[in-house]
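Heads up, the next two complexes both have subunit A, just with different partners, subunit B and then subunit C.
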Partner chain A sequence: MSSIKISYPLMGNYEVAIFYLLSHTFKCDIIHPPKITTRTAEIGSKYSPDFVCAPFKYTLGTMIESLDKGANVIFQMGGGCRYGYYHELQRKILEDLGYDFKLINLISGGKQVNLLKIFKETNLPYHKIKAIYYGLITIKMVKYIDKIEDYIRIHRCFEVKKNSFNQLHQEMLNEMKKTKSLFHLKLIYHKYRRLFKKIKIKKPKNYIKVGIVGELYTLMEPFTNYQMEQLLSDMGVSVKRFTDVTYLLFKKKYKVKKFLKQHLLKYRMGADALDNIYHTKYLCEHNYDGIIHMKASFCTPEIAAMPIINQIAHEYKVPVLFFSMDMNTSETGVKTRLEAFYDMLEMRQK
Partner chain B sequence: MKSCYLGVDIGSISTKGVIIDSQNKILDSCYLYTEGDPIGAVKRLLNKLKIPKQYILKGIGTTGSARKLIGLMLDANVIKNEITAHAIGTTSIYPNVRTILEIGGQDSKVILLREGIIVDYAMNTLCAAGTGSFLSSQAKRLGVDVEEFGKIALKSNNPVKLAARCTVFAESDLVHKVQIGYEKEDIIAGLCRSVVFNYLNNVCKGKKLESPIIFQGGVSKNVGVIKYFEETLGTKILVDPNSHLMGALGVAILAKKNETDKVYKLNLKDIKFITKGSECSGCSNNCELLKIYKNDELIDIWGSRCGKFAKQ
Partner chain C sequence: MGIPKALHYYYYKELWEPFFKKLDIDLIISPDTNPVMLDNGTKLVPDEMCLSMKLYFGHLVYLADKCDYILIPRIDRFDNDNQTCTNFLAIYDLASKLFDTKILNFNIDNDNNMRGGLFKIGKELGFSSKKVTQAYKYAIAYYKYSLKQKEIEQSNKLLSDRKKVLLISHPYNTYDSLIGKPIIKLFEDNDINIIYCDAFNIQKTNTLALKLSPNLYWKYSRDQIGSILLSDKVDGFLFLSSFPCGLDSLVNELVMRKLNKPYLNLVVDDNTSLAGVETRVESFIDVIN
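Presenting the complex of A and B:
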């Protein structure tokens, strides 16, 4: 390979952190993957099996778009479900399409692989000490982004001036791109935490609290769920979501052990099914008004979790709304159901 | 002058309108087919609906799949989704109802209520098998008027079993049953029953249907479907004579609740209302934009994801 150009599929706002890490670690070009658009979805579904889960199609679409932009090394992750085999199939599909590239899987079978070993094998020009140092910064950055976004989801619905939260959020992400050191990052975080707390909000006495659980990609990539969180915020609903990268990478291990001790379920069910069931229980016990469960179509672990979530919610008398997101889901249908859900929660509260 | 309120429910197949007074009494109502032209249908509807003499129109509500467009056209003060509208309309007549089954032209839904409050609902997501349009297309195939469907189904003692999970496969199974010589009334009865099974399996899965149960939507006019619902659920199913108007009634009641000082007039004859579709090429999202003109004046653009064309 002449000049190495690295790219990666997208998810939510983590692009900032990933680009930061890669551009500081490797001495080669990093290509920004284009934002997910309708075109991405179209390309992705064109070359994917129809019954594969939607994240496969979106990531494949992004990969093709970045390959067309000139990338020749792509990072992909694999999770604890079918997602674990994604990279193999995607590699095969892309090779059949005639692309000459290298696909590197960072997490396989739910376990982190030895990154340094992989980098050595693949001859990527990287700096070992820098990789560790900037890796630490990136981890911290992801944690900060998650903390701020959690705050945004809960408080955005009360904003007095429209878009004030989103604007500040964008500013923060832009500033994080220019992080110089761990200390600098910490300063940025504290500065924006203060600014977010200063945003004028009007908190009504009775407001609706909704918890969102479900499949991770659909939850975290707003394009795939039709900006569900923004829609809810616009309706004046405060949103709680547990699943984020911090949770998946660092908290999940301990939480799952704790969950298994509670004897509601004996076994793990793959991916985040177990977590979602316990989070549903948590939401029910903490007086949330409703629960929204989202998954990509054909997501097997979540399909297994749905009846259990339904039963738990039924016992606590909390309504659940199930969504199955795909390219073939009609946006109008989603919005109608969401509106009706909101009306229902509002009527119940009275 | 007394005040009255208009509710319009523009569904995929039919358009319904009611005018109510402040006691929720229906003063006038109208039911006609949408025929794929919601704007035209509403114009025809408003020509037929008469506001009684000593009344003035104080509110307009719209619901159904074309609620947004018609709401903009009529300058409605309430635009509500059909689930809420149906629940409110039904509870205004039957305050004790606990389950509402609704089968319309393109969608079917179940709404569970306790003490007049919606506690749970579901809507068909994947397929239109077991809805009104399935029945009407099969009626056409069998050469029977869809209005006669229920009566013919009641004649049968031996309904045919149909593979009705999917509309297309149900149709091929139906053709097969016709070709090997089953009687028409048995096949029609089988169709009515398959609608019931399909609805209970796909929409109501896992939900407890407690009586009193009310059945509404266009398909509730089909006595055959009512019969098989009663047989399967083992309880009496209530069907209101105005069951097709419940959505319109509900949204009229909502319009009453959100009444303002504004007085509406129903002269749409001279208003030109045009929609134009186009594709935005601003980015690779290629959003389908819908431009809405009222008297040649652009009043709104829908469909953009980025919010570039959002109304200020």
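Presenting the complex of A and C:
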């Protein structure tokens, strides 16, 4: 390989953090993965097996697009369900398509792989101390982004001037790209937190609160859920979501232990199914008006969780709306169902 | 006590049946799958769940009012590189929410094994540990013996001169009377021997599988695809999976890309017609011949 160019499949706004980390640790070109579009989805599903879950198709599509842009090293994450096995099939598919590249998987079978060994094998020029330092900054950055986005989801629906939240959010992300040090990052965060709190909002007396639970990729990548959160905000619904990268990486371990002590379920159910069941219970107990459950179609752990979520919601008499997102789900269909759900919630409130 | 004739049963029937018989427990094993069970199962769980799980819940519906206990184990993993299907993790909790019948349950993961599980159940039913030990020893001997028998039978089959096809599929699909049986019959009517992938030595296939796919961490998939490397005398491969099987969707696709012999990929779901399958099987047989 003459010159190394790194790329990665993207998810939500974390692209900022990942790009920041990679561009500072590796002394080589980093290629921005192109934003997911309908074309990405089309390419992805063309080369994927038929009944694999949707994230496989999206990430494969992004990989092909960034390989076309000239990348030759690609990072892929992995998780607890079949996500951990994606990389092997994706590598084979791409090799069969004639691409010359390396695919590096970070987590396999729920276990972290030995990164140092892999970096050595692949001859990636990296700086050890820098990697640790910028790794810390990136972790902090992700935490800040999650905190701000949580605030945005809850308050965006009350904004007086349209798009004021989104604009400021974009400005913050742009500024975070130029972070110089840990302290600088903290300054940025506090500055924008103040600015966000200053945005004019008009909170009505009665408003609808909805909790979103479900499969992580569909929740966090706005393209795959048809900007569901934005749609809800436009309707004037305040949204609560638990799953974000901070939760998955740092909080989940402790939460799951706590959850298991409550004896609603006896065992862990794979991926985030258990968390979602308990979050549903939390939402029901805290007077949320409705719950939206989202997943990519054929997501095995979530399918098993659905009947239990349904049962809990039935006990507390809270309505649930199930979405199963696929390439072929139409945006209008999603919108119609969402509007009907909203109307129902509104009528219940009266 | 009832055992549903689905999923785990096909893996461990030679272990469980003698164990519980030795303890003098009345075993009710649900009959072969019939369309009524499929119907019951489909009504109970979400439509997107895989066909084999729907059948499992169909069997549970059949058993629910006929016995005092139902055996529903939760088999998670044997070690980190030998995990099972994600659906298997959820079976117990799902069943305990959907049915009122008492459930006998044990768990297999990094810290617990099959022996511990069966001992736990023996104690729960009120047997002395001496009796349980006896029963377990008997059962495990029988289990090993039957595996050996299967292996010998298989190696004889491999030596025969007839055309052979290796069937790669989970045992709970292979031996199910709705999914696998009719398809196997089609092959046998056409004078073709079916080699079963689960009749090989499991330890051997499990390690061999890593040659085909170095990062595979599902035990049952590893047991299956390892058999491909042990059967170089077969004339073709038949992949059979239930729609939408999470493991097969990835593993089979990967393996198929590495084969250099004719293969057929059949995916069965709850409204597959046998006529369509017949046509595909016939053309596949023509290719082999």
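One rule holds for everything that comes next: the second predicted complex is superposed on the first by the 350 of 350 C-alpha atoms of A that agree within 3 Å, B and C clash if a C-alpha of one lies under 4 Å from a C-alpha of the other, contacts with A are read in each partner's own complex, and residues count from 1 in each chain.
Convention: contacts are C-beta pairs under 8 Å (C-beta built on N, C-alpha and C of every residue); 3 or more make two chains touch, one makes a residue touch a chain.
Computed from a predicted structure; not experimentally measured.
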Quick one: subunit B and subunit C on subunit A, clash or fit?
-> fit
Taking the superposition as given, does A:Thr38 touch the first partner, subunit B, the second, subunit C, both, or neither?
-> first
What is the angle, as a multiple of 10 degrees, that the CA centres of subunit B and subunit C span when seen from the CA centre of subunit A?
-> 80
Check whether A:Leu265 is in contact with subunit B, with subunit C, with both or with neither, and answer first, second, both or neither.
-> second
In the superposed arrangement, which partner chain does A:Pro307 touch: subunit B (first), subunit C (second), both, or neither?
-> both
Classify the contacts of A:Asp96 with the two partner chains as first (subunit B alone), second (subunit C alone), both, or neither.
-> second
Once the shared chain is lined up, is A:Arg348 touching subunit B (first), subunit C (second), both, or neither of them?
-> first
Specify the partner with more touching residues on subunit A, choosing between subunit B and subunit C.
-> C
Subunit B versus subunit C as contact partner of A:Gly84, first or second or both or neither | second
Name the contact category of A:His24: first (subunit B only), second (subunit C only), both, or neither.
-> neither
Does subunit B (first) or subunit C (second) touch A:Ser324, or do both, or does neither?
-> both
Examine A:Val52 and indicate which partner it touches, taking first as subunit B and second as subunit C; both and neither are also allowed.
-> second
Superposed, subunit B and subunit C have a smallest C-alpha gap in Å of 6
In the superposed view, which residues of subunit A touch subunit B and also subunit C?
-> 307, 324
Within their complex, state which residues of subunit A touch subunit B.
-> 34, 37-40, 307, 310, 317, 319, 324, 332-333, 336-337, 339-340, 343-344, 347-348, 350
If you look only at subunit B, which of its residues touch subunit A in the complex?
-> 65, 80-84, 117-121, 123, 125, 206, 283-287
Which bits of subunit C are touching subunit A when the two form their complex?
-> 44-46, 48-50, 74, 76, 80-81, 83, 85-87, 89-90, 92-94, 96-98, 105, 107, 213-218, 243-247, 249-254, 257-258, 267
Where on subunit A is subunit C touching in the complex?
-> 49-53, 56, 80-82, 84-89, 92-93, 96, 105, 108-111, 265-271, 273, 297-298, 300-301, 303-308, 311, 324
